[in-house]
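Shared between the two complexes below is chain A, which has chain B as its partner in the first and chain C in the second.
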Partner chain A sequence: MKLSVVVGIVMLAAIPIAGQQPSTYKAPRTPDGQPDLQGFWTNSTYTPLERPDGVTKEFYTPEELAEVEKRAAARESEQTEPGTVADVHYDFSQFGLDNSQATLARSLRTSLIVDPPTGKMPPVTPEGRKRAADLAAARKALGNVNDAVQNMSNGGRCIIMGGSGPPLMDAGYNANYHIVQAPGYVMILTEMIHDARIIPLDGRPQPPSGLRQWMGVSRGRWEGETLVVETTNFNGRNPFRGSSENLKVIERFTRLADDAIQYRFTVEDPSTWEIPWTAEERLQHTEGPIFEHACHEGNYGIANTLAGARLEEKKAAEEAAAGGAK
Partner chain B sequence: MTATLTAAALAVVIGQSATYRAPRTADGKPDLNGVWQALNTAHWDIEAHAAAPGAVPQLGASGAIPGGLGVVDGELPYKPEALAKKKENFANRLALDPEMRCYLPGVPRATYMPYPFQIIQSQKHIMLVHEFAGAVRTIYMDNHVDPPADSWMGWSNGRWEGESLVVDTRGFNDKTWFDRAGNFHSEALHVIERFTPRSPETLTYEVTIEDPNVFTRPWKMSMPLYRRVEKNAQLAEFRCVEYGEELVYGHLRKQSGK
Partner chain C sequence: MKRALAALVAGLILIAAPVRAHHSFSAEFDVNKPLKLEGTLKKWEMVNPHSWFHLDVKGPDGKIVTWMVEGGSPNQLIRMGVTKNTVPIGTTLLVDAYQAKDGTAKAVGRNFVLPDGSRLFLGGSAPGGDGGTK
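And then the complex of A and B:
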C-alpha cells in the first residue's frame, strides 16, 4: 500500500488536467472511418462527483492533489486493517480492489461536476423530493433488509451496479470498460456484471415509451471527433442520484490522446432537478483483458446473509421460549 | 433409421452453399455483423425429440415441449454413467437447470436459446452479446492465450478460415448445460464453432464438442442462424436475475409470524 502511494507521487509531474479542450489531437480511424475509441479504459478516480465542502476552486495544484490522493489511499489502507468493520467483507489490497493499486484516471479537478460552476448538483424539485420520500417509505414497508432477497440492494443482488450507466461512474472497484466498434455500432462493455451497451449510430428513433430498461435505450452519432450518445427510456429502478424514469443522459466521448478519452455527460430530468447538470471524467487507457464478472452466479454472500438472519431468528425464538418456560 | 433420417434432413436443411461469398468489412473479412437468432427446438433438446408436456402443468400448452428433429448427428455418445446423470438432470430440471436461475448459459447453448444475439465485429475483438442474461463473449482474434481461469462462457480464441469464423473455446466450468433436456458436460469441455455466411440473411453454425469425461468421442451439431431483418432490430434488456432469485433464495425468506 505504501509503495503505491510513493509511485503515485513520483508520477505527479505527468498529471493531465482533465478539462483541457481537445487540441490538435486527431484520433486514429477504424477501417470504416470512425474515430477509434477502441480498447480498455478506466474511470477509476479519487475525484468526487460533487466538490467537497470548503473547497472553492475548480482545480487543485499538483501538490494539493498529492495530499488528497495520499489521504484517500490511507483510508483504503485503514479499512483492511484487522479489527475494523470493513475488513470482514474483503481485503481490498489483496484483491486489488483499492483504487490506489489500479490504474487511476487522474485529474486536478476538485469535482467531476463542471456545471453548475459550484461543482454541486442543482436543487432537487419538490416532485423529486416527494419521490425520494415515497421510495424510502415503500422500502421501509418491505421490512428488514435481510428478510428476503427482494429487500436487498440492486448491486448486492447482482442485478445492476451504479457504474454501468449511463452515465459511466466509478462503482468503487472494477471501474473498467471495453469499447469495440463495428460499422454502425459502438459497444461499451462494463466489467461489473458484464453489462454490454450496444449503441446504434444509424439515426434510428428511440423506441416507444413501452420499452423501458434498467440502462435505458441509447442512440449515438458522430459530431466530428466526438461520439454523442443520448439515452432515454429508463425504467427508473436504478436511479442515478435520485433520477426518475424521465432521465435523459447525453454523453460525449472525445479522444484526447493515445491513452485518454474525455468523457462529458449532461443529465436532464425536470422531474428531479431544477436545471440540467454536467460532469466530466477522464477515461484512462488500461491494460486488458476484462475477465468474466459472473456476479449472480457466485453470489454466496446473499445466501449466507439470509441463512444467518434466519438462524439468528431461530435462536432468538428458542431463547424466548426457554425464558417463557422458566 | 431415425438417426439416419435426421442427419439427412439436416444436410438438406442447412445445405452448405459453397459458392456464397459474403460481403466484406472494410478490412476485407467476411462481414458477420448483425442481430442473429436460431429458429429451432434445440433449446428444448438438441437431440431428436417428440412433443411432451412441460415441467409446470399450470402453464398448459404454452409450457409444453414442441417436438423437433434435433441438431445433432444421431445419438449423443454418452459414457454409461454420464447418460444416467443426463436422465437425472432432466428429471430434476426445475431445480437443476441453470437457465431457470438466470445463470450465464455457457457455450454453445447461448447461441440457440430463443433469444437474439448480436455480433460486433472488429479486428482484434469480436463480441457476441446475448440477450439472455446479458451474457457476453469476447473472441480474441490475436494474442491467443490459454484460458487464464475457468468461467461460464469460456475463453474464446478466433481465426478466419476462408469464409468462416472459427472459434476455439476452452476454460469452462462444469455448471452449464446444452439444453433444457439436461444434456451436460464437464470442465474438460472443448468447443470449436464455425460461423459461415450462407446467404445475406443466414449463417451456418457448426459446432464440434469434445469432452472425454462425459462422451466416448467428439460429436457435432449444425443449424442455420437467421438475421433479424427488422430495420430497427436490437437486443432488448433481459436482466433475468430477479426472475431466478426466488428459486435460488426463496427457501431463505423470513416466514411471516416467526
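And then the complex of A and C:
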C-alpha cells in the first residue's frame, strides 16, 4: 500500500508541465540534419481547450490532476440509461475508444489555451457573429440535418474531421499522428480521417489567394530546434471554432524529450476574433503503425440514416392523409 | 477546498466531453426498438468509420436471419492487438441492440457479450486475442 502511494507520487511528479522550454535536451537528427520529429504521436487528452468556469489558475497540482483524470475516466465508462436516446450508440469503452484506454498526452495545464492568460478564447468580432448567424440561418433553410446527404456534417460525410487540422486537435478518439521527414519536406498524417499534410520547407511563397483547400496550404521553416509551420488559403468550409477563410494558423513543433513534442499553435483571424490566441499541447509518443481510416468506403451510416429519414417522411405523409380524411 | 475542486472538475468534464459519434446514431436507429440478439458470427467487417458484425440469428419461426450490427471504429482495438482472427467465425454473441429505423435486419450493438457473460473486447482481450497490449 505504502509502496503504491510512493510510486503514485513519483509518477505524478514526473508529469511534464507543458510550457516548460527544452533546456538540455537536444533532438536526434535526420540524415540531412533536421531535428528529428518523426514517429507516431498522440494528443489524446482530458485537458479542455478553454479553462473551465470557476478555475482561475494555470496549472493543477499533481493531486488535483489525478482527481480530474479519475473522474473523467469514471464518467467515460458510465453506461447510459437504457431506453434513452443517449443509449442508442455502441459503448465506446468496449472498442477502446475512451481516453482512459488510449495513450494520454498528460499535462498539469487547466486549459490548452495559454494566451489570452484567462485560458478562454478572445471575444468574437461583430463580423464573426454575423457570419455565424448567417450560416446557422442558411443551414436551417436546408431542412433537417438527416434529410439529405448535403445537409449532413463534414465528419458524417467522411469529408474531413476535427483532428485533421491545422491546428491538430484531439478528435475525440483515434487522436494519432504520423510525422515523416524527407529532405525539404515534413509530412503529417492524421489518423482521423487519413488526411496527410505535405509541408515544403524550401521557402516557397504561398500560392495565390484564389487557391484554397480544406486544410489550407502549409509552408514550413526551421527556427533553431523548432519547426514553424504557417498555414493560410483555407476554403472556409471546415471552420475551426467559427473561423473564416481568412484563418491563419502558426504551429510550432519542438521536441522536448524522446517521448514528447511541445506543440504550440497561434490562431489569427481578424474576421472572427478581436485578437490572436495561442494554445499549447503535448504530443506524446505512441505505438504505430496507424491503421488506415478509410472512412468513406465503410460509411454505411449515410444510407441507413437516409432510409430512416424516408420512413419518417412516409409516416408523416400517411398521418397527414389520415388526418385530412377525417 | 474539496467543494471547489469538485466544481472545477465538473466544469472540466462538461467542456472536455467530446462528440464521440461521427454521426447521429438516433437518426439511424430507433430508441423504441430495443432488441436482444443472440447469434453466431458470420463476418466481422473491421472497417471505418464504424465496424460491422454480421450475425446469424435464429428467429422464433426457426428461420435464420443475418443481422448487421454496428460497433465502433476498430483502430484502437488493432493497436491493442486485436486482429480479424481474434473473434473466430462461429462465435456466439449476445448483443443488446437498437434496430434500424427502417425496420430492416440492422442494429447498433449497445453491448457485446460472450456466452460466459464476459464483455467482448474489454481491455482489448477476446477469445483468441493477444490480450490488452498497447
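The criterion applied here is as follows: the second predicted complex is superposed on the first by the 298 of 326 C-alpha atoms of A that agree within 3 Å, B and C clash if a C-alpha of one lies under 4 Å from a C-alpha of the other, contacts with A are read in each partner's own complex, and residues count from 1 in each chain.
Operating definition for what follows: contacts are C-beta pairs under 8 Å (C-beta built on N, C-alpha and C of every residue); 3 or more make two chains touch, one makes a residue touch a chain.
The structure presented is a predicted model; accordingly, all values stated were derived computationally and were not measured.
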Room on chain A for both chain B and chain C (clash or fit): fit
Touching partner for A:Ile193 - first (chain B), second (chain C), both, neither: both
Which superposed partner A:Ala257 touches (first chain B, second chain C, both, neither): neither
Chain B versus chain C as contact partner of A:Ala102, first or second or both or neither: second
Touching partner for A:Ala307 - first (chain B), second (chain C), both, neither: both
Partner contacting more residues of chain A (chain B vs chain C): C
Chain B versus chain C as contact partner of A:Gly172, first or second or both or neither: second
Angle, in degrees and to the nearest 10, that opens at chain A between the C-alpha centres of chain B and chain C: 80
Touching partner for A:Ala294 - first (chain B), second (chain C), both, neither: both
Partner chain(s) touched by A:Tyr46 [first = chain B, second = chain C, both, neither]: second
Contacts of A:Val68 with chain B and chain C, given as first, second, both or neither: second
First (chain B), second (chain C), both or neither touched by A:Val114: neither
Three-chain overlay, closest Cα atoms of chain B and chain C, distance in Å: 6
Contact residues common to both interfaces of chain A (with chain B and with chain C): 146, 158, 193, 290-292, 294, 297, 302, 307, 309-310
Complex contact set, residues of chain C against chain A: 4-5, 7-9, 11-31, 34, 45, 47-52, 68, 70-80, 96, 98, 100-104, 106, 108-112, 119-124, 134
Chain A residues within the chain C interface of the complex: 46-50, 52-55, 64, 67-68, 71-72, 75, 82-85, 87-92, 94-97, 101-103, 110, 145-146, 152-153, 155-156, 158, 161, 170-174, 191, 193, 287, 290-295, 297-302, 304-305, 307-312
Complex interface listing, chain B residues touching chain A: 25-27, 31, 33, 102-104, 118-125, 127, 129, 134-136, 138, 140, 148-149, 151-153, 175, 231-232, 234-237, 239, 241-242, 244-246, 248-249, 252-254, 258
Interfacial residue positions of chain A with respect to chain B in the complex: 30-33, 38, 143-144, 146-150, 157-160, 178, 180-185, 187, 189, 193-196, 198, 200, 204, 207, 211, 213-215, 217, 289-292, 294, 296-297, 302-303, 306-307, 309-310, 313, 317
